[in-house]
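Paired with chain B in one complex and with chain C in the other, chain A is shared by the two complexes that follow.
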Partner chain A sequence: MTANWANKRGVGAGALLAWAGLALLPLIGFITENTSFDYYMYMGQSMLIYAIAVLGLNLLIGFNGQISLGHSAFFALGAYTTAILMNFGGWPYWATLPVAAVVCFLAGLAFGFPALKLEGHYLALATFTLAIAMPQLLKYKAIAGWTGGVGGVLLDKPDPPEWTGLSADQFLYYLCLFCAMVLFWLVFNLLRGRSGRAIMAIRDHTMAASTMGIDIARYKTVAFGISAGITGIAGALSAITVAYVAPDSFTLQLSISFLVGLVVGGIASLPGCLIGGAFIVLVQNSAQSISDWMKGTFALRYDVPAWAIYGVLLLALMYVLPDGIAGGCARIRAWWTTRGRREAQ
Partner chain B sequence: MAENATPLLSVRGVTLRFGGVVALDNVSFDVMPGQIAGLIGPNGAGKTTLFNCLSRLYQPSAGEITFEGQSVLAVPRHKIPMIGIGRTFQNVALFDRLTVLENVMVGRHSRTSAGFVENALRLPSVGREEAAVRVKALELIEFMNLTAFTDRVAAGLPFPIRKRVELARALAAEPKLLLLDEPAAGLNHDEVHTLEGQIRRVRDVQGVTVLLVEHHMSLVMSVSDKVVVVNFGRKIADGRPDEVRQNPDVIRAYLGTAA
Partner chain C sequence: MDFFIQQIASGLTSGAIYACVALGLVMIYVSTDHINFAQGEMAMFATYLAWAMINAGVPYWIAFGLTIAVAFFGGLFIQRVILKPLEHAPVLALVVCFIALLSIFNAIAGMIWSYTIKQFPSPFPSHDLFGNGLVSVQQLGVVGVTLVMLGLLTVFFRFTTLGLAMRAAAQNPASARLMGVRVAWMLALGWGLAASIGAIAGMLVAPIVFLDPNMMNGILVYGFASALVGGIGNPMGAVAGGFIVGVLENLVGSYVIGNELKLSFALVVVVGVLLLKPAGLFGRVIVRRV
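Showing the complex of A and B:
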């Protein structure tokens, strides 16, 4: 991956095409007879939500070089902010999104300060504690009146406006898509300008960045805040689309899923975030189907553990595409163009 | 250089201890505006340590450094380029995953102001500022003969090219004083010759005062208006290259004392 992706010709057209394709998908619902179409739409929502969460994490890890294993905590914070506002405040779902973003931004900013003193493995450990503490905190008795304790909070799925003629899941897909487009656009802008260069300069050489006049503390804490804010919006969307929040949905495993999506999609790649989001949903589902298929085809007595299949898939993928799917695509493209040039000579 | 002109940079009694080790011991010297000054001394003499004090990476235990009459030690590290001091590093500290153009554009950080919100929304003011930064960066890339490498990622570039990128990046902030830490290290004979021309052009064309740490004696002696010699953290000589070359203390520091 070259770093000047943002200024490459064709980036705008490619992005437009991809988003247009994603926007057309729900329309299949009007022509298909498939009864599980709404379920596919639900999967699409999950993919977009994971893509947003990975986008937040990528800004921090891929572009700023700060690692976090604690993003499940910010995801949870966003989800609960929405759940509590909708449940107790009677807020409309859409109005809770900016609040979730602000709450998580502030939480990320606050965590960014101690993170300044920590690097690499130490930061990984510190954020790890966030991830393991969050489900326990959400179950804490004193706040159970708000969070619903172990049982969590049930919400009402928002109804789509009458005039759209969309089903609830088609509508929520569009909601997720709209949020994803706005957030990807904002991050894209951020990264191609002065702030983005500063964020990446810190990743590549912190000391040199500071002698260029970059205020390291400010940029690192704000990057942490923005990253947490974006992941918080993903959490809020997940609360809205699932219509339910519970502490045990936001464990360390969720953080690891984000990390897997990030690495598989491509570190420091924006299209990679979308790919990573899709990967998280598809591969976790398909590992189960592969397990079922193996049991049936080979007449096995016992199930092949789905997580073992997931692990093998992941290993194989990392072996074939060490810089993620987006990185692999870029390499194939580079190979293709140089091949064309060689033949022309 | 007029004798009574005010110095651009004034180092007074700078001392720095690391535990029991005295890295710099009461070092004082001046650099006049428009000078090319060389800072030389055997390995471990404290040259880079002094540079690191000037760019606020280290805090001296005692002494004062003033730049245009203003105390440098009162300025936080990231504001140093704003007051007009730029530098390069001995080991070439580029942003490896950014392109040459982006590296030089980062060098312009201190002269620009667009914040997170303006950037995220890509306000018209950001577009204008970005365009100006790009023009300036491309100018410097051309000035340093790097045009062919503009869109190449810094990581894979040959060492001499990397050094030139670093110089272009430092110039992007339009410094009044440029600190060069061993610019000739790792360069071959021809490249050192080119570098000499570039350093002169930086002073003559860009109007930048230069302070360089260097081991390459013939380069220092031919390019410098003034040479400061340090050994074991102490200044042992200060003057015109031909004066310094004759100084018995300097000869002893470099060649050792006769038994």
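Showing the complex of A and C:
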């Protein structure tokens, strides 16, 4: 499945349609009277941000085969880079994005070196520790002057340019969408080229890849760096759209939600990242109503928390649909396109 | 000097708890080759069960024993029902599975018992041992329980047929099966034992850090660090590693980096050991045949 996809030429019509659809969504704001429209736009921003983060994680886990549970740390690093530059440097929001990307790329590269020696469970373990240690590091007193300590940093939401006539949330949605499109396009191109084949070859069979002359160490560390950089941009965007960063929003739970998005959307699938991002936000937002529904239907005495739903879903997917929603769709499509042949037999 | 000795003593106490967590991790690693990320949450959940029983009026030691038994069957159940179908799945699927278990246990504990901090009784009195404020009976009790547990496990693996069968199943499943060892059940047994050890760790730690659904988060990381320092396949090493990490953590915390960065110390230990001496202090270097 992955191979077919990687050999495809150009961007498919489906992808173009999907992006165009996403770009048209904010325009509904001009014709709707719904007062919570701005909130829907905010949800849209979160979905795109999660999609970008999952894209970064997917590049590493899905395409390169390195397991990371520590991407919340890179997300945090990106968010804090932006927050500090905006708050202390007085930088405009857009100028902080590349800096966040570079900082996280370097951090990822630095973590990628020790990661070279680790495989499977051990890498998961080391990154798991990173995710747990990160909030504490951010609260550290010596850097509290910059990070705001436990309280975090409050930012100003950027104003949209006058000529666009958009509301703040519509504008930020377009900002996220623009970043997402650029990053998806870059990753798409990266994966289709020589480097992409090398990255996937390492996942499929490291030793075979190395006998083919692929520099394992270089590709693995760079993949780690790029992955961290992408997730860092997602973090930076989240700092801009939420206009607030605090250490306790970057816990292991955040890493787990990325993992949920990755598994639900589909491992090693680019459209899957968008699906996963949307899914994370939908479950978070509807956790209360799902809980109420379950309480009503099954006469439960307790609230059902979102994390229980995530957990059960992760387990269930591992059995039923190990390649996620995108993989499921691909299978249905394959079944549909080969139906004539099957009938003929 | 007194302060120094106090730090060592409290380091040994936390070390004993890390050793318990590490023992649980080693049990699962030895019998199935997996690193169980849900070990901490399983221990936390078992501790809540004990808390509920004690609150319902069950005497402490009976609740203690019952919890260990329940945890044992819980671990057995998880391995047989949830992990068995994923026997030949890739590592990622297993990691996802463990993370799922972690979320589920955490969420369910929060759902039933809420996230407010609860006090957990200790079986040991908290007064001083020698009356000079250095070592308390509580600390000695925690260390004692850990050492007894290590002793029992050693005896079990060395001198009982079941222990021998478990070691055989872990080291060479194919040959063990030919000799009539029920390998699959040995793995489940490993999980059951690990869950029981975790439950003991949870009940030892809860009086010190108080009971809440997130109490094992940091401790699990130290448990990992301990298991790695001692060599992840070696129970004796895990306990030694636990004590080493506990004492070091306390000394580094009070003399060098301050208490706020203690978790980062664990991160440094984990990454450092994995990089410099992946086999740990007492582990065997595994040479893989291709």
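The rule we apply is simple: the second predicted complex is superposed on the first by the 304 of 345 C-alpha atoms of A that agree within 3 Å, B and C clash if a C-alpha of one lies under 4 Å from a C-alpha of the other, contacts with A are read in each partner's own complex, and residues count from 1 in each chain.
Just so it is clear, a contact is a pair of C-beta atoms (placed from the backbone, for glycine too) under 8 Å apart; a residue touches a chain by one contact, two chains touch by 3 or more.
This one's a predicted model, so the numbers in the text were calculated from it and none came from an experiment.
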Between chain B and chain C, pick out the one touching the greater number of residues of chain A.
C
By the touch definition at the top of the document, which applies to A:R342: first (chain B), second (chain C), both, or neither?
neither
Which holds for A:M207: it touches chain B only (first), chain C only (second), both, or neither?
both
Could you look at A:R194 and tell me whether it touches chain B, chain C, both or neither (first, second, both, neither)?
first
Of the partners chain B and chain C, which touch A:A124 in the superposed model: first, second, both, neither?
second
Quick check on the output: what are the common chain A residues between the chain B footprint and the chain C footprint?
207
Touching chain A in the complex, chain B uses residues 55, 57, 77-82, 86-87, 89, 93-99, 101-102, 105-107, 109-110, 112, 114-116, 119-122, 126, 129-130, 133, 151, 153, 169, 173
Chain C contact footprint on chain A (complex, rising order)
61, 67, 69, 114, 117-118, 120-122, 124-126, 128-130, 132-133, 136-137, 139-141, 207, 252, 256, 259, 263, 267, 302-308, 310-315, 318-319, 322
Which residues of chain A touch chain B once you look at their complex with the stated criterion?
2-4, 186-187, 189-190, 193-198, 200-201, 203-205, 207-216, 222, 226, 268
Touching chain A in the complex, chain C uses residues 34-35, 37, 82, 85-86, 89, 91-97, 99-104, 106-108, 110-112, 217-218, 220-221, 224-225, 228, 258, 260-264, 266-267, 270-271, 274-275, 278, 290
